[in-house]
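Next come two complexes, and both contain subunit A; in the first it sits with subunit B, in the second with subunit C.
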Partner chain A sequence: MFQCFRDYYVFNVIKFMQKLKFIIIFLAMVCLNLGLAPNHAVGAEEYEYIDISNPFLRKIPTAIPRFKNISGNMKGRDLSVDLANSVSKTLEFTGYFEMLDRGAFLADPHDPKIVATEINFRNWTVVGSELLVTGGVAAKEEYMELELRMFDTFQGKLIIGKRYKGRISNQRQMIHRFCGEVMYHLTGNRGVFNSQIAFISVSNGNKEIFISEFDGYKPHQFTNNNAITLFPAWSSDAQWMAYTSYVNGKPDLYIRNIKGKSGAVVSKKGIQITPAWVPGKFELAATLSFSGDQEIYLLTGQGKVIKRLTKSRGIDVEPTWSPDGKKMAFVSKRSGTPQIYIKDVASGRVRRLTYEGRYNTQPNWSPKGDKIAFSTMQIGRIDIFTIGVDGKDLRRLTEDQGDNEAPCWSPDGSLITFSSSREGISKIYVMTAFGTDQRRLISLPGPQTNPKWSPNITSN
Partner chain B sequence: MRKKLWIYLALLVVIPGLMFTVSCAKKVTQAEPSAEETVAEAEPVKDDSARIAEEKAAQEEAARQWEMASEEDIQAETAAKEEELMQDMAAAKLMFENEDIYFDFDSSALQTMAREVLQRKGNFLFELVDASVIVEGHCDDRGTAAYNIALGDRRAESAKAFLVDIGIDALRITTISYGEERPVDSGSNAEAWAKNRRVHFVIE
Partner chain C sequence: MAGEQRMVYWAFGLSFIIHLAFFGVFLAAQKHKPNRISNTTVVNVSLVATPHKAGRSSTPVKKTVTTPKKKTSKKKETLKKTVKVASKPAKKAPVVSTSGKPKVSLKKKTFKASKVKKNALKDIEKKVEKTSSERITSALDSLKAKVEEQEDVKRLEKEESAAQPSAATGSEGAGQGGRVGELIDIYRVEIAYQIQKNWAFAEGLAGSAKDLEALLVFKVMPNGEISELFWDKRSGNEYLDKSAYRAIMKANPVAPHPTGIIRPYVLMALRFTPEGVK
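For the complex of A and B:
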């Protein structure tokens, strides 16, 4: 497997992908038989192979010619271009694909062939594409029918074929579902297309929580507190948001239903900050200081203290949970400087994770469970690193581009969102889990900070 | 007639008595009325009723005017005193609220200077027994937001602990940490950072 992946021959990589696909399907079937959710269980075993070497260093060359206008009308013509561009952009967002320039294609752009029997795959292998996505669209009034296919060009084989019907205004959803299929075939999970990103932006002179779709699309204001609001945290079912706000003049903890106003407030003496939901539970950890010392507590979703999780004089903040909810990483000053520690909740054992640097904060546990992203301040500059949960394999992801802070993994573990001051004031960015493909995510005026990626929202 | 005379005589005794009590409280206006008093006391034996009546009237007028004058003086003086006191208090309050204490980077330990300032704040709070105080903890913008709110909390708690130690009722002191959210100087240099690593005090 290893050698296979190091191999630069395109064909071998594709063969590897194919193998992987069968393993994934096999594992998924095993998991289904065991009555487990396939999404979670495939996990660690599987795409570890992709992660061992950085998969983003060698992207899969992919061709997406303009779609075929099946209905033959004006609307269909516009859509045939727009939709092809959208699929291209959406797949490119993942960091796994290299989109080939349409100008270099040999096939006739005015007569796109979209089914295997008509496609001359030589035309596509010659221009270097390993994957080909074709589409056909028929539009009538505000409705459309969209068929999408993905081919392995070297094997001349259909990998995915899907037909979508619906309102033209729902085209994003259709594209996200298709791209989810593509990702499932390549990586074993459906990617990030049903996720959202919460972040802090300034409105009316106050920091408030905003939410956009995974790619920064349609940001909207979530809180209207007219007061400093910080530290958004999604529950693992994405139904609840916990955050800190100074609505009542001091940093209290608010637990709010995403869809309504219902919820709870924790308003003790001192601070209540940095909530982090326990995966799969209606419970969360947060730092409270009513005792006079900043300690991390476990709370119910109603904001009642269940128990204290840290016991050391000095600052303990920023809990983040392992995907199985058994371990919690956090920041503590117990050794004199802020460092990241991991606590095993059942045994109560605590071990120090970070030793390099004198200011390590903002830990965020990867959804695959193997790594923790965090930020380090060195000589006044803040940058993002990842480290294995075993303390090995420390990797620097950002360098020499302003301050880079508050890393947060995408729900599939392939991407990391963060804030950066590389363009002056702080904005929200995204990069792959290996630090490649860094780009701005949100275009809003003013500073934005503290992005938090939601789990995939299944109700969509 | 005789009855009236008695009343006059009684008045003559009572008025200087009143004058005396008033002049005790009032130092500035003392000298002049006492001179009038002696004159008034020497006169009453004369039996020329017209003169007596005239003098009485003059005397009453003088006494009344003097009382009015003295009353005005007291009012003016009290007002002045109160204003002075208020000004003193306002100045003390201003100083109390304007004088922050400062910290080293990533530290909530009180420096010598901070202790001196806190001692002064304690003295002020001893005098102003009804006042409650909000102790705000702040940080510079280096470091990260959450850690800085925790650090600001510790700084505010350090200041509060000092004040409680010297005898201020803990119930009069509320702490709020703003972390790095409210800098006084938005600059990105050592001087600005030093100014922002502070605890600020507000009288409620």
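For the complex of A and C:
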């Protein structure tokens, strides 16, 4: 009896185990089919992508409402509008920002909110703003306190917040510092706000060197030679200026301290033109012709010849240095027409960079080191192009707008200044490194040519 | 020894009772399955509910409703035939008009009680036949319409599923045929354009990195709301990634699903590449 019962029991257990096995397998299959591990399922997906490669707007839509008058007085009221406009204009200059029309803002213009807890970010995202700059100003007598904030409207997050104190007359510096912070956050460098532009303008019937701030503000005469003065060149610390002048009746090279009158003159037989400072060094290259042929020489900051850099039949002029100072691009007629060449200073090897066009001159090496801007003459018109240092990626930046010459990169490599005769006589213009946003920079009587952008001036 | 044997008996006995109870519950649970299946048929009833005109009667209606989906087309044919057959007597049914009838003495008709009963029964039968045939006809007509409507919906769904095998894959597209597939493709292009219009990107801010691409995937709900947005692949450039994300969020909500797309969501996958900025 016991044996029979045990056998029956064992049989049932085996049967149940078999059933259980099927149930487990069945449940496992159900689990797999239902996709109880959605992460794995999603990870294994291959989606059919639609390409979006052409942005509708190539700038960041930014909102800058009028600032808050914290002090509540008349001075503060005026400043709250002026400063908001200045920040807007300064950021817009970079070519990276599209300032939204204040008339389209949903927030109350009479009660500007400046801190994250008060701001309704939905009001700003709805009007398409990706960045929001708010400010508050308190003014008392000659002094002011300015607090500026930049927010990411979609994240509702404070990106930058700064408070500046100083004289009201220093408001431009305050704004430049804040805009420098904005650029540093977005690009990793502080932009162009502490730089200046030297250019040639006519004064008393002579070509002289003038200097203005980066945006053309406050141009002032730098040289007063009463003689033709050409080819300004900034040293990499922006403390020295080299240029060519006919003060002594022939083109000599002058090296002058920006703040003082100290300096040196290179006055050899023949011409001394087109200086270019070596980055990070008190040395410069310039074209001298005392040997009979126009060749490029390396000089000390005191004007002493260190060595000859080029040696070929035909002129070699207009040197420009790579940011690391190891290579030098220049114009040479060694192949019959003016073309741009690159020389490796250590090895002495020279290679031709430009092959298109019969007249390629005025090279200027970008601070990022990857491109060279230059001007080229085609069918009687001069236009500006950029080319990769490997000779690829040739891009035209100007077209059908008079003669466009003498391109020079901004210290952050985002902008290019140049001279153009599109309005008749030659004036100084600026554009982005891609050739967009071309606008006039300086309003002075007479022609202006040959602009040179300084490095950022730290002492400012 | 005897004690041990007793212990074994007790253990087996207890185990047996527990197993018996388990199997009992298991079998009882299995017996419930048919009920569940019958429940599903109830759900079907609501899809092809008899119209109000048809009234409560109509046994054949119930039969049609409970037929499996596969046989629907066949049933449809039979239904059509039934309708034709049923409509004939309805047309032929005599219209009884009492107004223009000459007066006849009821004496003959009421003289014999059995004859009266017979006639009354005949009348009732006729009436019943007439009313029931009318009801059935109208019920069948409305059923026919409903079935046709359902057929259309099924056809649309079939086309959709042919074009989009799985709602989650998003691998459907042009070339897979089907009007709905085309509709979805057109809708997607429209959405992509809406998002492109909101894409603000300054190449200079992306640095010198080349061949950047940010891949984003999201669902568009029927009302145009964007949900479950995620990066399938980040570009490695924070600015590009953020600008792509912002473009989608700025476009939200996009246009709602057009009529003809009957599905819980449309899957969108976008590849943002700044190569167009030249």
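Heads up, the rule we're going with is that the second predicted complex is superposed on the first by the 403 of 460 C-alpha atoms of A that agree within 3 Å, B and C clash if a C-alpha of one lies under 4 Å from a C-alpha of the other, contacts with A are read in each partner's own complex, and residues count from 1 in each chain.
The rule is simple: a contact is a pair of C-beta atoms (placed from the backbone, for glycine too) under 8 Å apart; a residue touches a chain by one contact, two chains touch by 3 or more.
Keep in mind that this is a model prediction, so the values were computed, not measured.
**Q** I'd like to know which partner A:Gly128 touches here: subunit B for first, subunit C for second, both or neither.
**A** In the superposition, A:Gly128 touches subunit C alone.
**Q** Going by the contact rule set out at the top, does A:Arg256 touch subunit B (first), subunit C (second), both, or neither?
**A** It touches nothing on subunit B or subunit C.
**Q** Per the contact definition in the header, classify A:Lys68: touching subunit B only (first), subunit C only (second), both, or neither.
**A** So A:Lys68 meets neither subunit B nor subunit C here.
**Q** Looking at the overlay, does A:Tyr359 come into contact with subunit B only (first), subunit C only (second), both, or neither?
**A** Only subunit B; A:Tyr359 stays clear of subunit C.
**Q** When the two structures are overlaid on chain A, which partner does A:Ala433 contact: first (subunit B), second (subunit C), both, or neither?
**A** In the superposition, A:Ala433 touches subunit C alone.
**Q** Given the superposition on chain A, which partner contacts more residues in subunit A: subunit B or subunit C?
**A** The partner with more contacted residues on subunit A is C.
**Q** For A:Arg58, using the defined touch cut-off, is the partner it touches subunit B, subunit C, both, or neither? Pick first, second, both or neither.
**A** The second partner, subunit C, only.
**Q** Which holds for A:Ala406: it touches subunit B only (first), subunit C only (second), both, or neither?
**A** In the superposition, A:Ala406 touches subunit B alone.
**Q** Counting only touches as set out at the top, which of subunit B and subunit C does A:Ile273 meet: first, second, both, neither?
**A** first
**Q** Considering only touches as defined above, state whether A:Glu98 meets subunit B (first), subunit C (second), both or neither.
**A** The answer is second: A:Glu98 touches subunit C but not subunit B.
**Q** Could you tell me which stretches of subunit A are touched by subunit B in one complex and by subunit C in the other?
**A** No residue of subunit A touches both subunit B and subunit C.
**Q** Give every residue of subunit A touching subunit B within the complex, in rising order.
**A** Spelled out, the residues of subunit A in touch with subunit B are 207, 228, 230-231, 244, 249-251, 270-271, 273-274, 287, 289, 292, 294, 315, 317-318, 331, 337-338, 359, 361-362, 375, 377, 380, 382, 405-406, 449-450.
**Q** Which residues of subunit B touch subunit A once you look at their complex with the stated criterion?
**A** Within the complex, subunit B touches subunit A at residues 106, 142-147, 149-151, 153-154, 157, 175-178, 181.
**Q** State the interface residues of subunit A toward subunit C in the complex, per the touch definition above.
**A** Contacts found on subunit A: 2, 5-6, 9, 12, 16, 41-42, 45-61, 95-96, 98, 125, 128, 130, 154, 186-188, 368, 370, 395, 414, 432-434.
**Q** Mind pulling up the subunit C residues that touch subunit A in the complex?
**A** Touch residues, subunit C against subunit A: 9, 12, 15-16, 19, 23, 168-173, 188-189, 192, 195-205, 207-208, 215, 217, 232, 239, 243-247, 249-250, 267-278.
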